[in-house]
Amino acid sequence: MIVILNLDAADAQVDGLRRDLESRGLIVQDIRGESKRVLGLVGDTSSVSEEALQRVDFVERVMRVSEPYKLSGRHFHPGDSEVALPGGVKLGAGHFAVIAGPCSIESEAQILSIARDVKRSGASLLRGGAFKPRSSPYSFQGLGLDGLDLLKIAREKTGLPIVTEIMSIQYLDVFARDVDVIQIGARNMQNFPLLREVGGLGKPVLLKRGLSNTLDELLQAADYVLMGGTPDLILCERGIRTFETATRNTLDVSAVPALKKRSHLPVVVDPSHGTGYWDLVYPMALASAAAGADGLMIEVHNQPECALCDGQQSITPALFDKLMRAIGAVRTAIEVN
Amino acid sequence: MIVILNLDAADAQVDGLRRDLESRGLIVQDIRGESKRVLGLVGDTSSVSEEALQRVDFVERVMRVSEPYKLSGRHFHPGDSEVALPGGVKLGAGHFAVIAGPCSIESEAQILSIARDVKRSGASLLRGGAFKPRSSPYSFQGLGLDGLDLLKIAREKTGLPIVTEIMSIQYLDVFARDVDVIQIGARNMQNFPLLREVGGLGKPVLLKRGLSNTLDELLQAADYVLMGGTPDLILCERGIRTFETATRNTLDVSAVPALKKRSHLPVVVDPSHGTGYWDLVYPMALASAAAGADGLMIEVHNQPECALCDGQQSITPALFDKLMRAIGAVRTAIEVN
Amino acid sequence: MIVILNLDAADAQVDGLRRDLESRGLIVQDIRGESKRVLGLVGDTSSVSEEALQRVDFVERVMRVSEPYKLSGRHFHPGDSEVALPGGVKLGAGHFAVIAGPCSIESEAQILSIARDVKRSGASLLRGGAFKPRSSPYSFQGLGLDGLDLLKIAREKTGLPIVTEIMSIQYLDVFARDVDVIQIGARNMQNFPLLREVGGLGKPVLLKRGLSNTLDELLQAADYVLMGGTPDLILCERGIRTFETATRNTLDVSAVPALKKRSHLPVVVDPSHGTGYWDLVYPMALASAAAGADGLMIEVHNQPECALCDGQQSITPALFDKLMRAIGAVRTAIEVN
Amino acid sequence: MIVILNLDAADAQVDGLRRDLESRGLIVQDIRGESKRVLGLVGDTSSVSEEALQRVDFVERVMRVSEPYKLSGRHFHPGDSEVALPGGVKLGAGHFAVIAGPCSIESEAQILSIARDVKRSGASLLRGGAFKPRSSPYSFQGLGLDGLDLLKIAREKTGLPIVTEIMSIQYLDVFARDVDVIQIGARNMQNFPLLREVGGLGKPVLLKRGLSNTLDELLQAADYVLMGGTPDLILCERGIRTFETATRNTLDVSAVPALKKRSHLPVVVDPSHGTGYWDLVYPMALASAAAGADGLMIEVHNQPECALCDGQQSITPALFDKLMRAIGAVRTAIEVN
């Protein structure tokens, strides 16, 4: 940790701070420059609060040199992690998997039809929202437990493991029993009690990056989950909030290599939420694969009669099928080269 | 709601969409421009999903004309709301109140000393963190229920109503029984199950704006709380995440008048978290008061021996006292003019 | 154009506004909803100022329905544009080209060596900074006209057309005479006098997106250039400014398909500035190609003795060579599929 | 400067870098932590490029400890600067001044009427746009030199010094001769050739913060101007670009105390552009004054017959008059306290 002081800090004050830090077992190196004085702290700084240091009035700035995360970092786990799922599905450490399915589960016919379609095209996992986080309380909030039951039926009929989002610790038991990969959504990335509890269930977890969370914060959130005991954690980039309005979010494709540099955990990308426009999903899925993602999470819809609900839509099963072939080709291209 | 279509949409397709919308009781007005065609939907559009419309392939963009919030909006409640608290404290509708106290509760001596100091200077409510949301699992997470007990002691000795943050539905009962104003933190602004549950306790609630949430989203989150039944809701601006690194967050002071234009709810500002630097708290507290805030939430620390933990710190009781007088003067200045 | 009014606007006022708009040749459609009233303006709204309308006190919001750009838009030019450069190089409309070279031109040996290396690996154009826009006046500002001379030597020896940045109208003549593709940098994207002048030189132009400019603003800036008369304009995504600090900028790969949807102009991506870390350039170059970019702009450095200046660096010619092969493979993968 | 290395950097490599740095006259202090190694560079690091260091492959991160600006910094000029203008107007170092006038100059009658009104209410300087930077080439670009002539007439009749924006070095002579305070707009904050040239005219300059520029970048841009020779520079906060759409920009009021902490230069705030909504200008002007701004820049419009152009508008002279009194009261409140 680096502590930058004002040059006009009185020596007695700096000595007091120094003794305080040394009493915590740290070695303090003092560097005096022309306009600043810097203390370099060596040792286990995890007990030192950056915020408390920042409040000391002759301290200008505090910079953490070591990563703020541990369990999710490469430093403690140099090799890539692999998440093994029911049905022999693997993700990470060279294994690429596509998670596909509708945004919300609407009916048995809908989820079954889509599940069969995406399986045929090569998807490895089935997604579907049962509990939906909605900005507006007046929007459809998902079918809840009924939706989960429909998802289980689709798993039974297709063999695809299922991924769905948990929104509250109220349903921990149900999710532990019924769900193959428990998703923590972007809005809950820093719902720390939920992270802890879900990490303690022993089930694989998919953790989405928050709308305005840095990669460092994502990896600290990952540490909350991993501390619970589960080793099976998948990170998911799903777009960040920026000033741009041509897309719903800005999909941060560079998060893939930047995360993989820092962490051993597999990284998947959700271009559907990440862009918000169905015609951007296809190119951005390919871009994510080319950038080295370990998997993709893609919304696929079928064609009901009703024009409004879902018609002429987003990624249809036919377009998804075409996309799966293109993804395969891109994967081959980057593996060979 | 305004639906912008591509000019090359086939008439049959547009007619299908139109019939679909009309079957939901909406009146559809068709406007054909040179390069776009626009459908204006009149009626109760709350059952129409913007996202579903957006997915229709000849739809370019969907714009909601009416506000996405109801209960928190001025349209349904033109006058200002007033939140009445124990001890005769009022906030909103012309009543200004300052909430002060330490970031974290550390000991009985600490919270008592600060509580007495801030009361003497004119604070109306006591704040103090018992459960602390922390980006890092390795940071101090607060004293939890023990912290809450200390806060209650401080309330008993000073008469100040207490404000503290709830992080999980696990503690709903305790908060309902023991806390005067239940705070929902920025990271939980879109923890919808928590919003609903807290809104159902019948206790006053203070809802902080999320780090990257728009005012529209804040007011929708407010609707989640108000739907639970509580009428006593205070909104809190606490800084948003931007590219600027000179401050920890960018305090959006303009959120005060922008929220008050849209909503009847009282708005307070937290310049401590909003700026992250103690020497910016004083000017930004005054700025917030001048912008028309109904109150302020300010971290105040006392001076323990330990230089590191908290020493030579942030807003001391002495500076807070000076600040309270300046706030009073600014309030008088804007009320007279 | 859609003008949203308050419901409490007096009829006489709205009639006045309406007459005013109609006197400009617009057809005004009036839609009355429950909580808002909307005027839909049909006709040529280019003479109507959104800002002026916004200031009318009973107007709540103004939304432009048609795109704010013309010459750069697909509406006026449905097919893809192709930019033809000296030496038979083409970019756009199916032609993919890589622009490579050092950040700054340092010496004849440096630029010549790199030019030969990148040509051998398949680059089509040579880039190199002669005039460098620097946040700090204390940083190296480039070799200026001397740098341009070195670049010309490299062109003569390799046959590669050259791309370099213009920073001031002072050098219009020199650039018109000596440079094959005139680059307008991110910081000058809204330097409107420069855009106009450069657009009048009859030379191909490469226009970089500003750090915090929307795609709509980029295309309006493109219109400034195109209005000058040049038909040969290349757009360049080079990263936008967000809250994330793990990368220098956030490379908005989705800008590629989003721009190509809106505009006929070719789009290239600069992953070097876009990420700021050499080890992210390789994956992000592939991602950009997979997303459908028409070209790439990549910084390549050679290995001088001096460790500090440039050593053990960024993309070396060897890594660039490997990258070019991978890009080719990804291009083939997406073209076949 | 602090250079953070990977622990796996070979000693020979680090020694090479170290020798390189020492050969530039720097003292290098080596700190080895558990997971990182840090080099602290003491001495004049202005010749060391952060970017070059960042490219060294065993370097993880480079952090500048001293401020990147000099002439504008308090370190070199501890006291507040005061800008003296014609007519005895002063700004900074305790002197508060309001700059008011229309967005664009439209006619002699318009500018004269507004100039007289704002003078009567206590404004010290007259603003008015002659050259207007416009995102769209299809928007009104200002009256140009004719507008400047009208502004000069208004100065002659009222005695108010005039402030107007320069957009190109083409008009340096005219501005040097005719304008009292030369404004550099937000879009030109990093138009470095313009900064240099304007700084060399010996005229007071008002430099607006760019839409997405940090305070560090603003102060570096200020250094470009000050290096030209002019000592009279005023900084202006005018709103930054964020995700929020309820306001046109997010006015960063905290930039006022944050800039004044770092710099001796006076800081004014433009709440008109900063918010984009006339009804937010009043409260945000007061907030800026309360935060310690040295002045304000406010758009004032009068009431022409035409409803559309400008009618029922923004800040009218009457509202401006009321605002000036409120500003005075707030200024008194913060000066006394």
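We just call them A, B, C and D in the order they show up, numbering each chain from 1.
Operating definition for what follows: contacts are C-beta pairs under 8 Å (C-beta built on N, C-alpha and C of every residue); 3 or more make two chains touch, one makes a residue touch a chain.
Computed from a prediction, not measured in an experiment: that's the story for all the values here.
The chains touching chain B as well as chain D are A, C. The pair with more inter-chain C-beta contacts, choosing from A-C and A-D, is A-C. Ranking all chains by how far their C-alpha centres lie from the centre of chain B, first place goes to C.
Distance between chain A and chain B, defined via averaged C-alpha coordinates, is recorded as 26 Å. Each chain gets one centre point, the mean of its Cα atoms, and the points for chain A and chain C are 30 Å apart.
One simple way to say how far apart two chains are is to compare their mean CA positions; for chain A and chain D this gives 38 Å. Listed for chain A are residues 212, 241-243, 245, 277, each touching two or more other chains. Listing the residues of chain C that touch chain A in their complex gives 212, 214-216, 240, 242-247, 250-258, 261-262, 274-275, 277, 279-280, 283-284, 286-292, 322, 325-326, 329-330, 332-334, 336-337. Residues 13, 16-17, 20-21, 46, 48-49, 51-58, 68-70, 103, 133-140, 167-170, 187-188, 190-194, 211-212, 217, 220-221, 223-224, 227, 241, 276-278, 301, 306-314 of chain A are the ones that touch chain B when the two sit in their complex. The touching residues of chain A, when paired with chain D in their complex, are 2, 4, 29, 31-36, 38, 40, 42-44, 63, 65-67, 75, 212, 241-243, 245.
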